[in-house]
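One structure is given below, encoded as structure tokens.
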Amino acid sequence: MIYLTRRERFNAAHRLFLQEWSDEKNLEVFGKCSNPNWHGHNYELFVTVKGEINPKIGFVINLKHLSKIVRELIIEKVDHKNLNIDVPFMLGKITSAENIAISFWEELEPEINKLNCELHCIKIFETENNYIEYFGK
Amino acid sequence: MIYLTRRERFNAAHRLFLQEWSDEKNLEVFGKCSNPNWHGHNYELFVTVKGEINPKIGFVINLKHLSKIVRELIIEKVDHKNLNIDVPFMLGKITSAENIAISFWEELEPEINKLNCELHCIKIFETENNYIEYFGK
Amino acid sequence: MIYLTRRERFNAAHRLFLQEWSDEKNLEVFGKCSNPNWHGHNYELFVTVKGEINPKIGFVINLKHLSKIVRELIIEKVDHKNLNIDVPFMLGKITSAENIAISFWEELEPEINKLNCELHCIKIFETENNYIEYFGK
Amino acid sequence: MIYLTRRERFNAAHRLFLQEWSDEKNLEVFGKCSNPNWHGHNYELFVTVKGEINPKIGFVINLKHLSKIVRELIIEKVDHKNLNIDVPFMLGKITSAENIAISFWEELEPEINKLNCELHCIKIFETENNYIEYFGK
Amino acid sequence: MIYLTRRERFNAAHRLFLQEWSDEKNLEVFGKCSNPNWHGHNYELFVTVKGEINPKIGFVINLKHLSKIVRELIIEKVDHKNLNIDVPFMLGKITSAENIAISFWEELEPEINKLNCELHCIKIFETENNYIEYFGK
Amino acid sequence: MIYLTRRERFNAAHRLFLQEWSDEKNLEVFGKCSNPNWHGHNYELFVTVKGEINPKIGFVINLKHLSKIVRELIIEKVDHKNLNIDVPFMLGKITSAENIAISFWEELEPEINKLNCELHCIKIFETENNYIEYFGK
């Protein structure tokens, strides 16, 4: 079993808040991440898959294929976008890094499992000091 | 003459556009940076000052003082904010990295020149692949 | 289950040695890390916790709370300090990265387990080429 | 149980191809990695071992010993070399990062297991966007 | 005057040697960089241009245009290539980082000077420990 | 004219203080950097030289020679040492990054100027957020 990881990046705006709460209540719970006029990040996304090597060609999968899937299903939908407004699969969700990771897993898993591998981990850096990992359960 | 550099970071939303232009025209000129619902970045800011060493204490200036000035005059005003809406000294300007650098210079120079040094360079990374430097002229 | 990681940094002096050994014996076992007049590092600390998402707010825990705990219990006690002399919870221990990781685990676990999560991993970089991970057992 | 990781680096040329295939077929499967005149990388290698702390000296093993083993068994054989031609233990293998990781594991495991620890993971970065991990099974 | 920098990357094989010298003589002068079967690098290229801001749009130039020029004139010709054999503008030259920097300058300057800016610096990292800068004279 | 830069690293302890001042006065001026029991850093040193290319071999100088000089004259004397006590050329000086940079310049310049180049810049990172540059005047 080999684990392969591909890094992709995207730049997006977002805001953490509950619509049913006042700005004051949102500020109390989410801090400056609830600024009503949005803020943003250079997100770094690490997608890890695992599988057996195809002995003929020495690959589990071609990382270019993995990159292509991640770009089509995720990056094109979130890069230079507002995660709360512009991204169909995030609508109605709090755009915490936790929820982003789970949503990306749900988008990627069906396509990745058609390849010779399994999705293993979604890792997201929101800043150089904070990251989230999700392993699908 | 010694050059000292302090790195600070901020996370902000912005959009590149001219109000007088249509979304199509803005898209043509500014590309995906003109997305109407904003996007954002983890900006990295490097402030470089230059001066003579105070021979008694071996410092040009205490970098903590420089950091304090940069945080008060810049970081507190831009971190977790929308650069187009929330930042008084950016109002009415296109929030390109070029203009951000010049505006930061204008905010910082008067305060930094009260110290035993001169502002030398404002350097801003918008992504790991792009940065801007401004030397005040 | 989601894993969250927070990075913190501290700058400290230390020395690897056994008081009962001669300088020569210490040099033989610990190499230049046993220099009698100390040396030091910019340590990087990664604290990983795991837990379930609070579905209401989309968080496992607020990473600001985690950061606050790590700063109060660890960083304030080790930053700009001598790990062999100044840090109560390291006294009498060899200040290897292994022992630092275990000691940090012991300091952090009781407080972190009061939150909606469990301590999962302490990871410490001593240099860009060396790091240690401890998972509590 | 403590996990220790040592980073080493090497610069090497390689090419992905099957001798039995035409250049066209190799290009179709391996893309530009099959360029007949080679290309190359600054590879980063992370070797992770695990073991119990020796309570007397606070170490699992001295990371200098681990570094020495990795340099003698791996780095001296691959650094500034052609992985397809110059490296005895890669001969006849496709020089994918997957196969490099498995081959390094096979070279290192017998020597590392003579120390007070077990080989846990071989991690190889081929570029800043791609890495492979192998855990020995 | 504003300075803009764009980072691009390429992976290439090369060898330092003089055809008229024996392998022994080449080894003496160029060290392991003269290995007859090539070695390679993940090169990082930083292209810096300088110019006045277009006040209407807040840009000196669109960094996407700069990136496009660098990719077309440089990256497509050197990425996943052998710098000694595959790159027309390097033929007959020693492929030192110095010569690479000068050659890239000569390829880029005419195209960049058609934009609203001037080429200022070519910076090339061969490894994380070595880089070269060339300012055109 | 080409500029070449070599990165080297060292880990050292130090303390900022004036012997003639009380601990309180030192704390007031130097902050936590004056902790009486020392602290330390992973210093990063960038040495930049400039010169003309030797057209025969495509080098200004062999960066291995530069690295050898820097290691012999600087790194061996400061690595895993106490900068205030163990380093002859720092004795009696405040071990600020400013003074370290100037002292390194004085140690390196005579030897580097015997090569086919001139010393151009000493750059020292004390932490990831602070660095000093000195150009010899």
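Per-chain residue numbering starts at 1, and chain names A, B, C, D, E and F are given in the order in which the chains are listed.
As a convention for this text, a residue touches a chain if its C-beta (ideal position, glycine included) is under 8 Å from a C-beta of that chain, and two chains touch if they have at least 3 such contacts.
Keep in mind it's a predicted model, so treat the numbers as computed, not measured.
The minimal number of chain-to-chain contact steps leading from subunit D to subunit F is 2.
Considering the contact criterion stated above, no chain is in touch with subunit D and with subunit E alike.
Note on connectivity: the fewest steps through touching chains from subunit A to subunit D is 1. Overlaying the C-alpha trace of subunit E on that of subunit F calls for a turn of 120°, given as a multiple of 5. Among the other chains, C has the CA centre that is most remote from the centre of subunit E.
Taking shared numbers over all numbers used, the subunit A to subunit C interface scores under half, which places it in the different class. The chain with its Cα centroid farthest from the Cα centroid of subunit F is A.
The geometric centre of subunit A is 28 Å away from that of subunit B, both derived from CA atoms.
Spacing of subunit C relative to subunit E, judged by their CA centroids, is 42 angstrom. Centroids of subunit A and subunit E (each the mean of its C-alpha atoms) stand 34 Å apart. Looking at subunit C, one finds that residues 128 touch two or more other chains.
By the definition given earlier, chain contacts exist for A-B, A-C, A-D, B-E, B-F, C-D, C-F, D-E, E-F.
Those residues of subunit B whose C-beta lies close enough to touch subunit F in the complex are 1-8, 53, 56-60, 62-64, 67. Across the complex, subunit A is touched by residues 16, 18, 29-31, 93-96, 98-99, 101-102, 128-135, 137 of subunit D. Across the interface of their complex, subunit D is touched by residues 9, 11-14, 32-33, 35, 37-42, 79-82, 85-86, 127-128 of subunit E.
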